[in-house]
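A, B, C, D, E and F label the chains in the order they appear, each numbered from 1.
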């Protein structure tokens, strides 16, 4: 689905943009097909109508959501690709719309959040992920990769370190040196262990309070691998021991209702590893819908439900 | 496995019947292979002996369970197919046995429950599902479909609206108009949000109290998609955010122990989407065994365990 | 990866040994490819460095972990194969190292634990599994099989019955006669029902107290099918209703920190049933790493976290 | 991709129409996703330009090919569905365009060819298939099915029996009674055995001579299962021993160059059975392109190459 | 499908027997599910009627074919398993029926052909395979394996070396020493290279002349891996560069018509590697049907067609 | 398998080098796992011994073949990656060995052949492929891609246009403008149509004569997609209508025997699309072995067989 010019889109509240990019992926590629898979997933009609069963809200109508299609990105040229993404996302923001970018690997959050910050200023970044993505460089020594975007965002000054919260980290990466750097920047990282000990709701509450203290606008970055690999196998660098899909969906809808989301991305859906049921793509589709629904609830002033 | 005549089956307490039917499925077909997959699933022997580890009960022996094979249904002729199913299920009931129908898509609950009600009178219907299945018509405007059986049951007078409880609903369908109709009929629908806020046990207790108030006999309809797609990918219209398989199994066994089940169906297992591990078919196999075990516990007067 | 002679390995604290064996599997074979799949799984580098994010510990370095490769086992000759495994494992123990054996089907726990007991004496066996594995004989009447190792261990006197604890059992096997035998031996078996009613932490605490009362050394046997089939589909005899992967990982790391592990095995990973995401193999990889990390925490005297 | 009104399509030479229909399939359903899979298959651009390497022709431009999208068909209502298809196809013909229908199972050839004949009169039907599709009724005794369209066409008078040629038949169906009926109608059926003994080119030449003797207009019906299942696994009723994909592609392009094609369909692509490489859908995509290229070669008067 | 006693089978001409055995497989196991997969494959009815399209013959009726089900074999005990198979096959022969054994891995040809020879005396063995299966011992030094049956047959005196012909050999095994031994025994081995240079028909003609010179009775052993892995991926030790499925089917039917087949086996179908289309199992199903059809043609005196 | 320094390899005749690179792939990525998949494919032992059945030659021993492992390439940085490959390949040549590079996507032939030409001078390039790979730029306008290496080689002067022969081209790319450019350079491109009309052997003979007229040294580039997608589904840009695997293997062994191969690559194996049978990786493994065997036959002066 090739991208359409913004001028053809009218005046939407939210613009969906596909970034078919995976040459930042250190291990399994394939997230370039994430945008297509997320759009195609599931059994709902082609009617542009998505009434949310618990609330009755149709976020597509309430917010004015338009799908602008996919960017044409130069395969294998990471710098040019990320710059192109940044330009497109900044264009959406300047158009007065909220960009939701369908990745693509996580390297795209560097341009995504940078572009949003260029328009909205001091933003907080709420980051769901199994991985910190704060590497100094890739395994082959390069600055751009899906393992480095958060460091690049902080180093570039686009997002302040103390505006970062990370939820869901686990596993065997990165090493202590990087963890020390993260703490020095004021990043707050909540591990699955923290969620196991304290509960998801308490962790998310604290995380959000920290990141948004003094900042109004929030960029929400959702790496689908924050969910356990058994529930999201279609991804590039799966790490066992993650959130359940219900936990993620409920949390995202709540955050989108409670926070002022000015941009978001949903990344690392790699359909080739998803199995015939295509459940990861479907989950990512609902991640987008639930974020949109939360935003619509906020717009309509709907009171919150009592979920994590 | 072609169907055998009832007269050849002796006098069983429970008759398993396969309904290889999927021409009511709006999206992914394939549930016609559900009966075969459910029967073939798993590693247990061909010995007709299933001792339940927690209770030591062999429900097959206690209840007298016989597998009557699969009905021969006319592909693509939905009215004739559903009528044929209704005749067969009613025959089982009149034979004095409890039918458990292996679907097939959910359209078959219209004939299944209608036939059971024709014999047993005022029955309650306990319905596990991600979807309400109360559409007025299919997406192409037809009355019969796997999206409409509950409306057809109520409209036909087979089951009263206030005898319906639904557990596990979620997602983006149906719209408010249908939800209003459901409430007008007295249906009780428990969403995953309700389960998240109040806990599964409390929700199920209330649901069952409501549906069985004054009614003794219960039809149990289990759409495997009530379970999260990651745990039941082999289905036609998966909706993220569902029950875990443990939650479903424990709840069904409890209900079968506590209620007077006079008929049941397990539907929407579509093996083509199940992955090489065939876990959805295996889960459905255990859904049947756990329902049978609960029924046997009831027959034997075994006290309940303390699960949801 | 063919096995290397122990003399070439230096003086490691832990020796990883592959047992590509599946001719004890009653149903789906394929666990012979378990060792390869577990080693290959995941995105981490070839650098022999695994810094654990929550603790910062690199267990490979702390413990001195060496991978000795795979044993060359005679396909189809179960007695000779198990004897060969016993010899190799005993060699590792006598070398002063802790063996961690990558299965292979669960029949290998008979030689694994027997060999460890031959060196370490009175050991407890903590056993995570969906199945009791205490059959008197296989379905075709033979003594060696993946359904009989625990009975063979007890009968041979290698491990005393009251030193056995089993966690995660469920389903429809074995029958009451075998359950009675298990109780007579003093085995303690904790079912998923017990975990559902009492919570995982309480069950594990009690189990460990029982098994280790008076015994210092522990053999840890992890059948990956203790995890629910949806989260570990790549296995031979999946049984619905199991632990989550998070529950298993957190519990194993805790046990490895709290107990004196002198040997372990991780068995029943059958990659052919794992789907394109290869999540079962990845989970088993993290099972090994989390056990190692717990052992390293114990060595370093790290205080426990507050997880199940 | 929902269907667009013909009036919005301008004046195309060829109209592609999707028939997402599979409730005529006797065995594996899933051909309803054939149109989507055929459109999505392969790596070529979204530029509407398909220069054929051997001839340099861009058939899309030469012929004026427009994709009208998919019909909205009532699942499970076979009569209504086929009537709706017939109306749509007849509309395309009366619009002055050539319909190429993407199936869908083979039941759709009854409406497809009937509609074309209603406009073009005495047409020949050249039919590539593993199966004769001349059953008197389906296995459950119904007249409409993917096993009966050719009989329905002849019985209805839409296409005369002696205007039928079938190429590629094999296997164990139908029985002698049906074969006798076919011969009585004047149908010519070429088995794979004939191709093996006489060569593909000779058989096709004779077949075409027979069918088109006195008839100018030809309907071309390509069941993808004419190709060997190993080369086209993504289909509903595969039968070993078929054509190679090269044989099919070369033959179809030649026929489209030599004959006056007034309508065509490509049926029985069932993506759920196609494997991760999606080769069957890709082959069907090239079947369409090669037919179009042959038609363009005919239009441009290009001399034939020397292939089967 | 558990085996039935021969006495219950009446007086069949041919008895199908399943040997769910794969603990002779050196690499990918899984052929124990071959019998089930071969029986389940394909779309034909449960009517016991298989009219062959080219000849109109129903071999099941002509020959009297009965399926006796699967043997219960002791997993992991190769000697006992093969002896049990030999007993069963010899029983079928002594019953006056022709055994067709569904494997299982190729180790079973040692008992299969040995048992047939015990009853029929001096038999020829026509062997389709990618591999010679004449190893002196397995990779781990054992005598029984799927790589050694032909040597065991010759060494045991059951089948004379000069009665062996092998068709389809290729690849990188065995080495020259074994090839020399084969030649010394008088075995004739036709490589794919021979087929490429001389054509399949010429090679088969010569092979058969050689093996049957002076011997009337023939055992036919078909390893499905004689077919190219792309056309038969569901097998344990695939070797690129093989026959096409058409070549195999046509040749087998011809041989079964021209030779006096007194026993046969079809081996090495391992469904776990077959992909969602299940084409290998389907091919093996047709291998059995085409052999049966050839045998029926011979019985009826049908003249040959003109295929390879 | 990380790369080893050349100095550790001794004095091999042939060096295998893995290039885990796929950020030149325009469509499906995943060829970065090609080297691992090709090495892991198949059932042969870890003994470094590959006796070729038709000739008895063990090419690994005759030639002295060493596997140097995989290069560490910077993901997403195409220029740096290709330069790094060129350096490594040139190093192998200057070491006096023949490089065989396992791709990776086809972009690597630009550095591979450039490096070989830098050492060996005027080389011919024999290129098996479905695609010409002579694009002026990628779809997003960049010079480096798997669609442009042959143009870059000619433009850079590394290989003269008239030294290029291409075998197996087909499909719908590139357009006439590019075809004209190719002809102007003196490239000879043989389409599948040519092979269909004239036969493979004649085409290959003519191709080789043309390319090697006056040039002694040959670089052989094998894109696995020259084979039909049904036989090589595990690739990035499959194009129906290709060679069979037998045709490719036989031709390559012949060419390696008849020509002076000074370098080769085998590219575009993308395992994620290969299905559970992993037949594409296995085919590529045999492509390498058959090339090596042909080279060994040449070294030993073995007379040719009579294949294509």
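The rule is simple: a residue touches a chain if its C-beta (ideal position, glycine included) is under 8 Å from a C-beta of that chain, and two chains touch if they have at least 3 such contacts.
Predicted, not measured: the structure shown is a model, and the values here were computed from it.
Chemist: Please find the path from chain B to chain D through touching chains that uses the fewest steps, and give that number.
Modeler: Shortest path length, in steps: 1.
Chemist: Quick check on the contact network: minimum steps from chain A to chain E?
Modeler: Minimum number of steps from chain A to chain E: 2.
Chemist: Tell me the angle, as a multiple of 5 degrees, of the rotation that maps chain A onto chain C over the C-alpha atoms.
Modeler: Nearest-5 rotation angle for the superposition: 120 degrees.
Chemist: Identify which chain pair among A-D, A-C or B-D reproduces the interface of B-C, meaning that over half of its contact pairs, matched by residue number, are the same.
Modeler: Same contacts by residue number as B-C, out of A-D, A-C or B-D: A-C.
Chemist: Quick check on chain E against chain F: do more than half of the interface residue numbers occur in both copies, making it same, or fewer, making it different?
Modeler: The interface of chain E with chain F is built from mostly unshared positions.
Chemist: What whole-number Å value describes the gap between the mean CA coordinates of chain A and chain F?
Modeler: 40
Chemist: When the centre of a chain is set as the mean of its C-alpha atoms, what distance in Å lies between chain B and chain E?
Modeler: Inter-chain centre distance comes to 44 Å.
Chemist: Please compute the C-alpha centroid of chain B, do the same for chain F, then give the distance between them in whole Å.
Modeler: 56
Chemist: I need the residues of chain C touching at least two other chains; which ones are they?
Modeler: 26, 28, 139, 230-231, 272-273, 275-276
Chemist: What kind of graph do the touching chains make: line, ring, star, complete, other?
Modeler: If you draw each chain as a dot and join those that touch, the picture is no line, ring, star or complete graph.
Chemist: Using the contact rule from the top, write out all pairs of chains that touch.
Modeler: By the stated definition, chains touch in these pairs: A-B, A-C, A-D, A-F, B-C, B-D, B-E, C-E, C-F, D-E, D-F, E-F.
Chemist: Would you mind writing out the residues of chain E in touch with chain C in their complex?
Modeler: Contact set of chain E toward chain C: 22-26, 28-30, 32-33, 72-78, 80, 107, 138-142, 144-145, 272-273.
Chemist: Which residues of chain A touch chain B in the complex?
Modeler: For this pair, the touching residues of chain A are 42-45, 49-54, 56, 58, 230-232, 244-246, 249-250, 275-279, 282-283, 286, 289, 305-308.
Chemist: Okay, in this complex, where on chain F does chain C touch?
Modeler: Interface residues on the chain F side: 2, 46, 272, 276.
Chemist: Mind listing the chain C positions that touch chain B in their complex?
Modeler: That would be residues 26-28, 132, 139, 169-176, 179, 191-193, 196-197, 228-231, 233-242, 272-275 of chain C.
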